[in-house]
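There are two complexes below, and they share chain A, which is joined by chain B in the first and by chain C in the second.
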Partner chain A sequence: MVAGAVSQAFSSRSARRGWIGFALFLPSLLLMLGFLFYPFALNVYTSFFSKHLIRPRNKFVGFDNYVYLFDRKYFWLVIENEIIWTVFSVFFQVVLGLAVALLLNQKLRGINIARAFVILPWVTPVVITVLMWKWILNELYGIINHILMGLGLIDSAISFWSSPAMAMGTLIAINVWWGFPFMTIIFLAGLKSIDPHLYEAAKVDGASPWQQFIFVTLPGLKHFIAVAVLVRTIWIFTFFDLIWIATKGGPSYHTTLLPHLTYLQAFQSYHLGRAAAISVILILCLVLYLIVFFRVYRHEEQA
Partner chain B sequence: MNWAQKRKMMRALNYALVVLVTLIVLFPVLWMVSSSLKTEADLFTLPPTLLPEPVSTEGYESALERPTFMVALSNSIVVAIGSTILTLIMTLHGAYALARVKFFGRDFFAKFILCFYMVPAILLVIPIYLIMRWMHLADSIIGVMIIHTVINIPFCLWLLRAFFLTVPSELEEAAIMDGASIIGAFYRIIIPISMPGVAAAGLFSFIASWSEFLLAYVLVTSNANKTLPVVLAEEIIGFEMRWQALLAMGVIVLIPIFFACLLFSRYLIEGLTTGAVKA
Partner chain C sequence: MTSAIRRFSTTTLAAVLVLGLLVTAGAPTAGAAERVVQFWTLMTQPERIEGMQRVIDHFQQTNPDIKVELTSVGWAEAHTKFMAAVAGGNPPDIAVESYGWPITYSEMGILQPVDDVIEAIGEENILPQDLKLNHYGGHYWGVPLYGTPSVLYYRKDIFDEKGLTPPRTWDELIETAKAVHDPDNDLYGFLVTGGAQELTNVMVWDFLSNNGATIFNENRPATEDDVTFNSPESIETFEYLKKLHEFSPPGSEMWGSSEYSQMFHTGRVAMVYDMMFGHARILTTAPEMKDKIGVAELPTGPSLGDRQGSFLYNTVGLMVFKDAQEPEAAKEFLKFLMKNDDVYVEWLLAYPFAMWPVTYSSQDKFFAAPELEEFPEHVKLGLDALPKGSVTAMYHGATPYWGEMEARATLAHVMQRILIDEWSVEDAVAEGEENIKEIVSEYAQ
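Up next is the complex of A and B:
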């Protein structure tokens, strides 16, 4: 009897706890569903309609929006830009991030101060990042042009934004500066997780520092590199702010990415259907990327 | 050269390398600060001088005299602080529920939070604009505040849940045995113990909101409601850049972030690492 009463009291208490738990979580859940999931679904739906931002036009058009985009020459240029921008940015962020992580992983007095300073680019607002790089790279008064000319490397000042290739290269460089500290932080955590005995064993076997890096450090970091590449690729592929503020996608679509195309269609042409179609294409690209990524990753794990 | 001397040399070289790399990484920031303190004439002198000589506050004066900038500054302060407080209220409770209280679908939600976090902002811009217009919040700082709260919720939920999971549950059980309610135990025991996590989550929300560009850019159209990143971006995109004032504005925008970051760099790194490594 007594035991039954106690367990009954407990179960009613746990039922109440369940309700309280749900009630506590509900506000966050509702906000996420309303503002994150619903928009997502709305995008897919809208992409099959001819819809205007201001006028009340809303007509089902099937795949017309997609066909329209595939017929545009600039659409394929944008896809090409996406690949160049994402691959080079991620690659150099990983390389630079790893190099700096190895440098900062040493046991030196005051190294924590250096670590705190090195993450500053990553918390710098993108707007400010663009502002200071535009000042440094200014054709007339920029310090970079001045240094390069002083060293005799160039004869006349470089105009960093004029040609398509130059503009893309400059943007990638800025993006690498801005994003590499994220990699450094992840890799520092990864380096800490490697068993120091492995290095000692490698040293006993007569491994050079380079061999230690190849056979101990890199395999130890594999998981961390994979996570960092995965997260950063998605962010960089869909990164709107940096390029928009620096070049607005110019010269003539040569630094435009899918996000900019979405923005242009929605808020300059007011063509919501097409903008939504671009969003859906963007999602499909990401899904494809995720499938390939996990295939390769699983394959590597098994190997 | 004997072994000890060689070792000392290596150490010195290493130090020099660390300092050099740090300086190179920080160079754009340092150069902006130095340039912002020059007189207008010195700013455009060739060759440029490394340090401002004489130091001038012209740039800061003209930045602070600009009404658009001052309005944006106060908007940004309100939005960033407001959305940080809202985010913390929401996610402290939500994360506690996710970590401790069993309810229907909990584990599913816990897993899917990160998917929400990964959704790129550009995919949300149009629908959010439409929703906000429908709610008559499109061109208002309240709307921006709500949206910043929403985009910060997933990460903070997840970060705080990870923190709460590290707190031994015996602590609350003891308090509940002593007659405290679940909520009471949460406020009096869990939150004080998890202060590092709360600080990290708050810092993230603040920095994210203070820097956020795209959503504020799309939502707000009138000058009275623009935030700092929007106003600065418009100046940069515009035809004529007024460098002296702009560089000063840049420094002003950076100051709160850099101080917060240096003061709390340990939490920030900890939060980022939990954020990325366990994903």
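Up next is the complex of A and C:
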């Protein structure tokens, strides 16, 4: 009897605690529903309609918006741009970020000042970064062309924005310059977490610096690299401002990404339905990436 | 007791102050305007903004019950700003527009007609092309404010040095470009651009319209079948531009106004097509250049035939939004500006050569202005050119499609296909025509 009363009291207390927990969680849930799930659901819903920003047109068209996009040559060019832009930007940011992190991890005089300076590109607003580089690379009055011509390395000024490959390459270079300090900071934190005894043990075993890097540093940084790549890929894939300020997606869509295409459809052609369809495609691409990423990551973990 | 009294006094005083503030904030002040007109201008030059503010000051003196609030929103992304304001249910009452926009917006149903304003100014008092470009579906949708003709700019100093005269035909233009072109010494004959900017639109239409090419035929309302962009005249024009591009600086395929100014003003490009607005820019930013730059009528192409040569006539006007809060007060302001020649001409001359009058009644006063005396050849050219003006996609009258063609940079894409992607001219023009037809078909849905 006593045991039953205790159990009842316990369960009612547990239920009360459960309700209190739910009440505390409710505001966050409502905010999530209002600001995340509702816009997302509305976006998916809109992508099946021929909806115009201004005109009172809102007809269900099924998958027509998607078919329209898949029929456009420029859409596939944009997908290609996304892959080139993201893969090269992330790759070079990781490589440069890691190299600088290794350098800054040395015990040298003035290293703290160097660590502070290396963060500068990252804290510079993107608008200023792009305008600065546009000036530096300008074919008429840019310092890069001036120096190269002064050294006799080129006969005429390089036009960094006129050819498709050059424009994309230039944008990736700017993005790498701007974004690598983020990687450096993460990797530096990772390097600090590696047990110094491992290096000492490796040295005792006769490991060269390269072997120490491969067998001690990289495994120690694995999780940090994974997080950095995951986060940066999502950010870079959805980039808008850097490219828009520099080239507006030109020449001829050769530097246009999915976010730009969304903007063009929504605010220059006013086709909200098509813009929503592009957003859905963008989300699906990222979901696919996350699935692949975590599969690979889990596989690596198990290995 | 004392502290209680002090607390009571402090609380009472605070309450009185707060109440006073609330009451005075809500009450109309003496002489305050009852009707407020929101006016979005896209102009950014201080001269033009200050000039328009003077017009507003004049207006408010005679209309103390109306207050006009001027906001400069800039040309960049103006369409987007208008759409966002309309979608948000808070558009301005009046806004500056460029050619074609009022017709596009009228099709969207976001403007109200301004027939009464045009009637008050007098149809017979407005230049015919300005009327034609704002008339669609039986109504006027924009009030013409000013026009700017485009011309051939050339470097007088370079021409004098080489003994050249301004070309009158395309053959002469290419010969002149060839005679000047000296890339080893950083001197180029002509500037051909493909950047998604207004400069490209101006240049392409100037060449198309001087070779008998059009984008739509005369049928109104125009349908997909009325798109005439993919024509022998167009192909000939783009072939010519491709050839002329050989005399253009490297990298110019993506240039816009800033690079053009840099190259032309420093004497590294000898010729360029631009609106006469360019002269206003020279006078304000590089006045030392004014005697080194000449203007001439645009050369004509081989397929123009008996048709009159044309040029891009950049007509700018004012539109009244359908959901305007004070449409009547807004229209009162428009009538005041356009009917009062003294006020109107004073504003046009706030930035000389950028803005040319669209009313006949203001022309005498405008062309006799001392600000223009120093440049008689510009004035003569402007006067001769004004009746020949036409605008892109609307040679045969207004269509609603130019706004979207401009937003999608349709003509610039054709240039980029040819100059950057190295497509054949035929393929690039065919794609351009398909893009235009797509815009037309979307309007029909």
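We take it that the second predicted complex is superposed on the first by the 265 of 303 C-alpha atoms of A that agree within 3 Å, B and C clash if a C-alpha of one lies under 4 Å from a C-alpha of the other, contacts with A are read in each partner's own complex, and residues count from 1 in each chain.
We take it that a residue touches a chain if its C-beta (ideal position, glycine included) is under 8 Å from a C-beta of that chain, and two chains touch if they have at least 3 such contacts.
Just so we're clear, the structure is a prediction, and the values are computed from it rather than from any experiment.
Novice: For A:Glu139, is the partner it touches chain B (first), chain C (second), both, or none of the two (neither)?
Specialist: Touch status of A:Glu139: second partner only.
Novice: Output check: A:Leu24 vs chain B and chain C. Expected answer is one of first, second, both, neither. What do you get?
Specialist: first
Novice: Now for A:Gln268: first (chain B), second (chain C), both, or neither, which partner does it touch?
Specialist: second
Novice: Please work out whether A:Ile119 is in contact with chain B alone, chain C alone, both, or neither, and reply first, second, both or neither.
Specialist: Only chain B; A:Ile119 stays clear of chain C.
Novice: Is A:Leu151 in contact with chain B, with chain C, with both, or with neither (first, second, both, neither)?
Specialist: neither
Novice: Does the superposition put A:Ser50 against chain B (first), chain C (second), both, or neither?
Specialist: It touches chain C, and chain B stays clear.
Novice: After lining up the shared chain so the two structures overlap, which partner does A:Ala165 touch, if you call chain B first and chain C second: first, second, both or neither?
Specialist: neither
Novice: Considering only the touch criterion stated at the top, classify A:Lys248 as touching first (chain B), second (chain C), both, or neither.
Specialist: A:Lys248 sits against chain B and chain C alike.
Novice: Which partner reaches more residues of chain A, chain B or chain C?
Specialist: B
Novice: Mind sorting out which residues of chain A both chain B and chain C touch, each in its own complex?
Specialist: Touching chain B in the first complex and chain C in the second, residues 140-141, 248, 267 of chain A appear in both lists.
Novice: Looking at the complex, which residues from chain B come into contact with chain A?
Specialist: Against chain A, chain B makes touches at 11, 14-15, 17-19, 21-22, 25-29, 31-32, 35, 43-44, 46-48, 90-91, 93-94, 96-98, 100-104, 106, 109, 113, 116, 118-131, 147, 149-150, 153-154, 157, 182-183, 207, 210-211, 213-214, 218, 228-229, 232-233, 236-237, 241, 243, 246-247, 250, 253-254, 257-258, 261-262, 265, 268-269, 272-273, 276-277, 279.
Novice: Could you please specify the touching residues of chain A with respect to chain C in the complex?
Specialist: Touch list, chain A to chain C: 50, 53-57, 139-141, 156-157, 159, 161-164, 247-248, 250-252, 264, 267-271.
Novice: Write out the stretch or stretches of chain C touching chain A in their complex.
Specialist: Those in contact with chain A are residues 77, 79-80, 83-84, 86-87, 108-110, 183, 194-196, 250-254, 259, 262-263, 404, 407-408, 413, 416-417, 420-421, 442, 445.
Novice: Can you tell me which positions in chain A touch chain B when the two form their complex?
Specialist: Counting only chain A, the residues touching chain B are 14, 17-22, 24-25, 27-29, 31-32, 34-40, 42-43, 46, 100, 103-104, 106, 108, 111-112, 114-121, 123-136, 140-141, 143, 146, 150, 177, 181-182, 185-186, 188-190, 224, 227-228, 231, 234-235, 237-238, 240-241, 244-246, 248, 258-259, 262-263, 266-267, 272, 275-276, 279, 282-283.
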